[in-house]
Amino acid sequence: MDQLLQHLLNATVLGGTYALLGIGLTLIFGIMRVVNFTHGELYAFGAYCMYLLVMSLNVNFFLAFFLAVALGAALGGAIEILLLNRLRGADIDTTMLVMIGAWIVMQNAEQLTWSGIALSINSPFPADPLVVGPVSVSWNRIYVFAVAIVLIGATYYFVNRTRLGKAMRATFQDRDTAALMGIQINRIHTATFALGSSLAAAAGALLGPVFVVTPTMGDLAASKAFAIVILGGLGNVVGATVGGFILAFAEEIGAGYISSGYRDAMGFVLIILILLMRPTGLFAQKERIG
Amino acid sequence: MSRLLSFVLVAGLASVPLWLRDFYVLHVLITTGIFIIAAMSLNLLLGFTGQLSLGHVAFFGIGAYTSALVSLGFEIHVLPDVTVGLAPKPVWFAMVTGIVVAGLTGYAIGKLSFRVRGAYFVIVSISFAEVVRLVAVNWVELTQGPMALNNIPALTLGIGPIELSFLRKPSFYLLVLAAMVVCYIIIMRLVNSRAGRAMIALRENESLAMSVGIDVTRYLVIATIVSAAMAGMAGALYTHYIRIVDPDIFLFIYTVTMVIMVITGGKGTLTGPLVGGALFGILPEVLRAMAIRPEVQWIIYGVLMVLVVYFLPEGIVPAIKRSLAGWKRRPIDAL
Amino acid sequence: MKKIATLAAAGLLAGSAFSGAVAQETIKIGVTQPLTGAFAASGNYVAQGAKIAEDEINKAGGVLGKQIQLIIEDNKSNPTEAVSTVEKLIQKDKVPVLIGAWSSTLTLAVMPKLEEYQVPMIVETSSSGKITTSGNPYIFRISPTSEMEAKAFQPLVSKMGIKKANFLYTNNDFGIGSGAEYSKMLKANGVEIGVMETMDPKATDFSAQLAKIKATGGDTLFVTTAVEQLTLILKQAEEQQLKVKIVSCGGSNSPDQLIEQAGAAANGSFHTAFFPPWFPEVTKNPDVAKRYMNEWKKRGHNVGGLTEGFRGYDGVFVAVAAIKAAGKADPEAIRKALWGVTVKGIYGDIHFTKQGPAGKESGQNLPVVYLVTIDNGKVVRTKF
């Protein structure tokens, strides 16, 4: 029983970060239809920013987080303007290829700058975990969970209740009409990509101190993010949040009770099963064909 | 491309082992050729039917593993005391089995995944490749998992008293070249046939195609079977050339490489994968020879890729076609 | 104008003669390592160690009257690329001997090529038993196999009072091999085996596995993986209040890096090492170890890499010893000579014994294995 409680606690905490990764990507992949292979790199970028700010420049831990997120947004915006703007009308796989190229360049630039050696970031939290009866969790992870929930709530509010959010949704549902209504399409594209990227950077900045920072850390994070986006339905923030928690629970329970070898396959197995039964994910509308 | 031109090109390529003494360059040509075959097969799905399959390496790997296992022989326990085994078979038989199994897997996946489209299909294809990789890693009794299947025999063909061994590079190069030509012809025939026209119709506008009575799923499945079988053949060639196979064959970077070759070359064209494949297959070795830091080599590779797609979003071959057409003032559509 | 032309021509001639002469003066040694990709950190350490050896040997006059030249290629942590690097090194650079390829998968991938071209390779890190038992007479391994490591650990089992052991290892040849050998050894010594958990080599969260391990009530946890995951395991074991003895195996564990990154969570953990830079005086050849360590620190390399860089260092010295014994830079002569060399290296007194099917044996060295403990932020010899 204790083991189960610990698994559930682990899954809840993990789910928060997975959800954060997922909603960033669901905005980009789901709404903008860009197969964003740089999402994992923005995650790594957020972590490396934290390392640079906290360890090399001695910036306050919490201030560094805000800076890392801001830098992530800036980088995302820059990628959109430089690389995607011109390819606005191109096919999904052409933009995907540009994203792949950017992914290769970013990952190797990180290795060039910091080498492949794992880096750790000091956090101000006590090293001893919080122990509540038979289960325990580290303070750092509680902080991560709390911030993730706040960010998720903020994103949901932003996308569904603000004018800018509405403009975003309008642009990607029907670009021409949105343009006719006076929406600045180019700015919306940049803003959406920047928002999604900033969430990925936030996830990286939160998890960098929990784990270690390496140039390849984004790859696994990105594949989970894609899985979550599909589970939750393209473009659906609530869906991605739920999807993140579902994935975390599936991994924890699967690894804990079935087989740890297949732990990271849980997500993919889930996707295949769910998509076979509900071809549009758990929440989304039916995908228009053609 | 006119018949004469293609014949001259193939003959020229076939003569390479006669005058090229540098086995390293021959090795690069062989591995590039194998990946070009895989890229051509991906082009069938990606370019002609418009389905972005990012799990293509799964078929490549299944072909490789099947061929390796059949040529080495294996024994597994299906129940605690019931074993199923296979004695080692000749390599050509193993390769054919690899192609068939890959094709069958394509059929199964095609039937299942084409209930979804677009972005969902992309993810399902990635998931499928990942699950196959994890099976290869964890089903140690069959695949040896990460401990790898090694000492895989090379291909030898015995025709009566003559025995041809494909261990040495020149002969293997010719084998790969032959396979490439065969695949090209198969794809060309398929694309120009009725099935091919149906596929192009569904790429352009699926709902419209359905509305005129084209059985979309059926043609997608045909394309997937052919595509998967071809990728499986590339995998079988790979495994009998490198002569070791382990779950690293399912690395996502291989799918990425194939995708790069197809899209930069020009998806939906017949020669696109050849051009893109030649360029991005040989480029890493050119960069390696330039004595630059390894990370910088990768960065240059990535930048070049982005530049090609940025300035020629439809690919190199369509861009060449357009400039040639403008130059000659008549359409060229056989490329 | 004519004067300039003549000067230029003379300069060119002199230059080409000079470079021609210089080119003749080097004996090339090929090195294939993962310099980018998943294993980049370790591959770069090995390359750095190899370069230290290269400079040391050249300063002392080289070998056979010529300087040695390492040609280091990046195999990108990818088996196909590993084969390409070996092809390039053998065909283009015409190296008579190789060192590589770091991981067992990469080494296995290049083995058929070694046999095809008949060039020997010194294996500096790989641990899979298959490498020396596949019947490839061109393989000479100086690193220990997991089996040898487990055997060396045997006398410590009762000393440590291990009654029930659990395993957590990374799901690749390195982790699986180590887990298999250690559990076999433990079972043979009367230890109960609890669970054998695995993790993906790229995973960063092991909470599920650790919770499961905690629930079994074992007293010792054997972990085999690289230092990045080990850091996280130590931290997460602390988070989950897993109060057991943790022993890390495999030699890719870099205790210095663990102390730096896992902090207090690393205290009390045990680690097997094939080279203890914290007390080099206990090694078989302390003066060699100290030379290597001093140069490493002088070059400003990461101290955490000492435990991996030495593999490249020893590899180069073994290659050079064989070249010297062979009397010429010829692959077959070097291969024959490798059987007879004895090198005072950091791995110990390196020499090769026969392993594998008769008639096609590979060479295997028998290095020393040490056990260290992290105590209060310092690495000490394990005391019983």
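Per-chain numbering from 1; labels A, B and C assigned in written order.
The rule we apply is simple: contacts are C-beta pairs under 8 Å (C-beta built on N, C-alpha and C of every residue); 3 or more make two chains touch, one makes a residue touch a chain.
Everything numeric in this text was worked out from a predicted model, so none of it was measured.
Peer 1: Name the chain whose C-alpha centroid is farthest from the C-alpha centroid of chain A.
Peer 2: C
Peer 1: What pair of chains is linked by the most C-beta contacts?
Peer 2: A-B
Peer 1: Report the inter-centroid distance (CA atoms only) between chain B and chain C in whole Å.
Peer 2: Here chain B and chain C have centroids separated by 35 Å.
Peer 1: Please tell me the distance, in whole Å, between the geometric centres of chain A and chain B computed from their C-alpha atoms.
Peer 2: Once rounded, the distance between the two centres reads 32 Å.
Peer 1: Quick one: which residues in chain A touch 2 or more of the other chains?
Peer 2: In chain A, the residues touching two or more other chains are 108, 111, 219, 261, 264.
Peer 1: Can you list every residue of chain C that touches 2 or more other chains, as numbers and ranges?
Peer 2: 36, 171
Peer 1: Can you list every residue of chain B that touches 2 or more other chains, as numbers and ranges?
Peer 2: Those would be 137-138, 295, 298.
Peer 1: Enumerate the contact residues on chain A facing chain C in the complex.
Peer 2: Checking each residue of chain A against chain C gives 2-3, 6-7, 10, 14, 108, 111, 115-118, 120, 127-129, 131, 136-138, 141, 207, 211-212, 214-217, 219-220, 251-256, 260-261, 263-264.
Peer 1: Enumerate the contact residues on chain A facing chain B in the complex.
Peer 2: Those residues of chain A that touch chain B are 29-30, 33, 35, 83, 86-87, 90-94, 96-98, 100-105, 107-109, 111-112, 219, 223, 226-227, 229-230, 234, 259, 261-262, 264-265, 267-269, 271-272, 275-276, 279-281, 287, 289-290.
Peer 1: For the complex, which residues does chain C have touching chain B?
Peer 2: 35-36, 73-74, 76, 78-81, 83-85, 87-88, 90-92, 104-105, 108-109, 111-112, 116, 128, 130, 134-135, 171-173, 176-177
Peer 1: What does chain B use to touch chain C in their complex?
Peer 2: Those residues of chain B that touch chain C are 22-24, 27-28, 31, 137-138, 140, 145-148, 150-151, 167, 242-244, 246, 248-249, 251, 253, 284-285, 288-289, 294-295, 297-298.
Peer 1: Within their complex, state which residues of chain B touch chain A.
Peer 2: Those residues of chain B that touch chain A are 46, 52, 112, 115-120, 122-124, 126-128, 130-131, 134, 137-138, 205-208, 252, 256, 259-260, 263-264, 267, 293, 295-296, 298-299, 301-303, 305-306, 309-310, 313-314.
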